[in-house]
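Each chain gets a letter, A, B and C, in the order it is written, and its residues are counted from 1.
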Amino acid sequence: MLWTAATALLSHWRRRPLQLATLVLGLSLATALWSGVQAINAEARASYARASSVLDQKELTQLVPRRGDSIPQGTYTKLRRAGWNVSPVIEGDHRIGNTRVRLIGIDPLTMPAKAGGFKTGDTSNLTAFMSQPGVLIVSQGTALKLKGQTRMQLQISPDMPDGAAFTDIGIAESVLDRRGELSRLLVAVEQRPDLPSLGTLAPEIALREPGDRPDVAQLTDSFHLNLTAFGFLAFVVGLFIVYATVGLAFEQRRTTFRTLRSLGLPLSSLTLLLVAELLVLAFVAGVVGVGIGYIVASLLLPDVAATLQGLYGASVPSALSIRPSWWATGLAMAIAGTIVSSAESLWRVRSMPLLTAAQPRAWLRATTVGIRLQLTVGLLLLIMSGALATFGHGLMAGFAVLGCLLLGAALMLPGVLSACLAVLQKRSSRALVTWFWADTRQQLPGLSLALMALLLALAANVGVGTMVSSFRMTFIGWLDQRLAAELYVMARDESEASRLRAWLPARSTSVLPIWSVAGEVLGERLEIFGAAADDPTYRDNWPLLSGTVDVWDRIAAGRGVLVNEQFWRRKGVGIGTGLVLPGGWEVPIVGVYSDYGNPKGQVIVGIDAFAAHYPQVSKLRYGVRVPPADAAGLKERLISEFGLPAQNVIDQTTLKRQSRAVFDRTFVVTGALNAFTLGVAGFAMFSSLLTLSGIRLPQLAPLWAMGIRRRDLALLEVLRTLALWLATFIAAVPVGLALAWVLLSIVNVEAFGWRLPMRIFPRDWLILAIVALSAAIVSIFVPLRRLATIAPSDLLRVFANER
Amino acid sequence: MNVRRIVASVLTATLVLVLPKAGIPQGFAGLGSTADSFAIPHPGGRLAFPADHGPHPDFRIEWWYATANLQAEDGTVFGVQWTLFRSALAPRTESGWLDPQIWMGHAAITTKDKHFVAERLARGGVGQAGVVAEPFFAWIDDWEMKGLPHSGADQLDKVSLRATGKDFSYRLELSAKGPLVLQGDQGYSVKSAEGQASYYYSQPFYEVSGSVDIDGKAVRVRGKAWLDREWSSQPLAKDQTGWEWFSLHLNSGEKLMAFRLRSARGGYTSANWISPAGNPTPLPVGSLQITPVRIARVGNKDIPVAWRVQIPARGFDVTTRPLNDQAWMATTTPYWEGPITFEGSAKGSGYLEMTGY
Amino acid sequence: MLLSLRNVSKSYTTAEGRLDILKAIDFDLDAGESVALTGESGSGKSTLLHLAGGLDHPDTGQILSAGRDIAALDDRGRAEYRRAAVGLVFQQFNLIPSLDVAANISFHAKLAGRHDREWERELVGRLGVEALLSRYPEQLSGGQQQRVAIGRTLAARPPLVLADEPTGNLDESTGDAVIGIMLSLTKSAGAALLMVTHSSRLAQMLDRKVHLSGGKIV
């Protein structure tokens, strides 16, 4: 009985393969984008966690200095002798050749067992590790860069993140020139009972509880939230397809349902069969979707990795590993999505009276009440969005603003369109035109989901496009100011650097040192730069957001510091706030500068004060000012006469080009996701039109009978679709601009720490309009062909048969 | 895999040097048998005190090794071990982290049914561990062996001993009732037929009082202790795979030190009979015979935990029994070390160490 | 002569093979005349009606209207014929669901370019649908819908009204009322009526009756 009933139900799909394909493909696409994005996120997070557990030993409690950036070695000995099971770490940035490496000096003898993981080959030898010249444990990638650049033995560990190296604490101490200055102490989990208290033993250090999440993970949160939002948007758009298709398939089978029930199939069995059918379909679509998602993720991951590197300096492998949990969630999403989007249809089957005639048109019937309700909810959401934008704080609030804005706009769309169409209908006097508007309006409920999907996709495109373009223009303008020196040179060692300092002045307008140290300020690890503030290069070019009148004089005199915008916003400091810099000296903030593309805080002090407080700093890098015409000549002489390797002399143009390339790569992923979302929305439109074209015949036949040619009817269908696309597009532009504003003024500030001016690029909209139009034409092609080639006998059947 | 593990895999190699008693992977980098640029013991080298209580950084390995057989007032029996090993990566010292001298502490308490072990590692140069000859002080972290004001001639006549682990600790006071005893030929102790040797002396006459604390419960104890001091650079011959080492307190007041270094060719045995007054009589090579009596399953190994120890020339024939079969030292380089009692031609207590299983 | 069918044949290819629906039919209809077309199911009544209305075209033969051969017209010509010369009333009412009653009634007239407000107002009155003008088809009963459909057809003042079982979906009394209105209105509009029906009672209300059987007029 069940099986016979199942065959009857399933025969529907055999007769409508296109509908089946739409359903499976819609769900697959939705699952694909969602799970693809999740795969990328999982990979990146795993990599942060790995880096964090290896490099920062984040899961351990640590002891850190209360002031300044070092703990005296004696404190360590004192603690050990008192029974504290602690292990010392000396770390710092170290340049080897052209590669900057985060050097982490550990003591293998006292390292706690939980200090995080990497593997080494079995050739490792403590003697070599603990003796000069030392061993660097690095990733494969870092090893390739360092090869031939250092006397230290390189040992590759697959678990090491790029750009970092483990070495013995003794080696690190001498390489980093931090004799007896420990960076931090790791506290082992296992401690003897009755430990003497830290306060009496070593009041100069503080206990830091294990951080549950890595810094870089917090830093990149917004980025991943962005990706997730995109993935979810696409998923929702995909569910619209499923909703529409399942709804239609159920309506078309009402007769079958009725017959089956008349023949004695219990309602519960029928429901069971339908649920089983949906689950099987969801499972198949889910598997396909996760498969496609894997491909999508593999294609996108290299760009995501580049983005994360470019924006946050976070290192993520560009190869994807397969995680069972990810497959499981992908499938679960597909199944849950199917159930959610079929719930209404299933409910209708359950509550359907035994003797109701099939009414495909009733399924589409415009429920004025529904549209009004949507309109109201949408309006409320928009108001809420505005309120959140005004009063909310934090990244989550920013995303809530985005969510309310998009959802509210989407919900309002059918109502607004319907109202516009009603006006158009009223104002037209010609019968056919009146009918055109009236009929378009009547079709809205059937198309509204697809149109809402389209609105979301288009608005996201406009919004994100505006954000990226605004960012790009601001960034390039800023680069032009910031990269003012004609040449940037780097000496290979200190003796070469001092030769360079002697050689350059006679051959250039001015030489600007670019020296930096890493340190902790207000609890944040950041870079401190020294700047020759009395040089006109800074006064004329350096982009300041705000500052005192005599800002550069005060910097030059060592009586003030500049901080970058992200540090300023994050720490809530202001002009005049005193900062305690590493080494314990305190200087007030006198200015804030914009510093795009850098996730970390930055502080600039006058070069003389800098050199006085950090005499041990490596003095290798310089900006060189020469008349632009002489730049090429000087570069040539630096290489041939002075003997610097060509890669150590970079001219401004090259540097700008590289920076721009980094920037552009950064947003490749955004572009790709935009395109995908638009694609899914296009597919939603296609499937809706296809669905409608199947039940259009009875609506069109009377017109044909009254003397409208099939050709003209088809043309009107095209015009109708285009009109709806156009209307949606027009609606999408303001929504997109609002989205861009939220991204630039709220989300970016929270996520990156900088605010950008919004610029408008109507040319981009035109391109988007053309792309969207092409998608519209493609989406209507199949339904249209169906209509145009319909035989008169099919139209006649509308009049003849009892349906 | 974690940082600790890489270090451990590296360290195993080093500990071999530290712990000749604790087993040697065969042919490891030749370090087990050659001395490189390190000093080597030579016959006739006279020991001088208190200087020789202190470290000898030009030798590769060295230890301060105390074992105690203790009893509480209610008769409960305890074994206590306190060891500080020194292992040099190079024959020199340096201040700071680059000091090639590495220190390792082992502490243990053995009861009838429990065995507690702790291990500490440190490098010299930063003050975390070391030994000073006068006034005597050996330490690693909060573990100490410290010379106390004494009436006797030697720095080691009276010392306090302290160690703490996760769930145990002890504080003991050791008072020597006899003189230092030089092992082998005036302190030159031969370890193989090929002539590998070490400098080796002992203080076997300690009377002990103090307290041991297990899981927060302190117990007052009394008993006997034995201190071994040994340093060398070329501890074992190539084919030697481990050893059994006995330190026995006879109820008669006599002491016996006996060991066998196992090799493919049967092994090299050595013993020293010490009179109650502290006069040593090194026995001729081959006069000691040891035979396993009972094998116990310890972890996943079969270990002979009871032995028949015979010195026919002295009419000595006893069988030793461990207080606890499971006296396994699960340290970086694992070995068996625990208190024993013996019966037969003589009775008494002592310590057994077995390596290379 | 308003409409002449000469030697018209029509067949369909079905799953069981070729099915001859109409076999060399000859039929004439005068202006203002009302003719009932009766016959068994499948006798070809509806097919004849569709051919007459330019909805379908014959395999052979001529369909002459005002001197033109409809059968020879192309798609565009037939559409023009339907728009200008014919009014159709079906069993399924076939109103345009997106337009209200008023718009439905004036729809065909506007298409045909013969929108006449006076005449429309009169029609609405005589059909008794004044109160329904702003309603939508789905809000109407069957009889109301059919009255609106008749109104839509007659508002365009076509010379020929073709009706296919216009009361098939209505109960007898409503059906009789609707037919009554249709007959009187066609007369006053001066239009000819060709009505397919299987009811001889209804057929007797018309001027003439033509019976189809086996694809032939008998």
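We adopt the following convention: contacts are C-beta pairs under 8 Å (C-beta built on N, C-alpha and C of every residue); 3 or more make two chains touch, one makes a residue touch a chain.
Note that the structure is predicted; figures quoted are calculated from it, not measured.
Closest to the protein's overall CA centre, chain by chain, comes A. Taking the mean Cα position of each chain as its centre, B sits at the greatest distance from subunit C. The geometric centre of subunit B is 119 Å away from that of subunit C, both derived from CA atoms. Note on chain placement: the centre of subunit A and the centre of subunit B lie 61 Å apart, centres being C-alpha means. In whole angstrom, the spacing between the mean C-alpha positions of subunit A and subunit C is 64.
Partner subunit B is touched in their complex by these residues of subunit A: 54, 73-74, 76-77, 80-83, 85, 106-120, 122, 124-127, 129-132, 137, 157, 159, 166, 168-171, 173-174, 179-180, 190, 192-193. Taken together, the subunit A residues at the contact with subunit C in this complex read 361, 365, 430-432, 434-435, 438-439, 441-442, 698-699, 701-711, 792-793, 795-796, 798-800. Looking at the complex, you find that subunit B touches subunit A at residues 1-7, 9-11, 13-14, 89-90, 96-100, 102, 121-123, 126-128, 139, 141-142, 164-166, 169, 216. For subunit C in complex with subunit A, the residues that touch the partner chain are 12, 46, 50, 53, 55-56, 75-76, 79-84, 88, 90-92, 94-99, 103, 106-108, 110-112, 138, 164.
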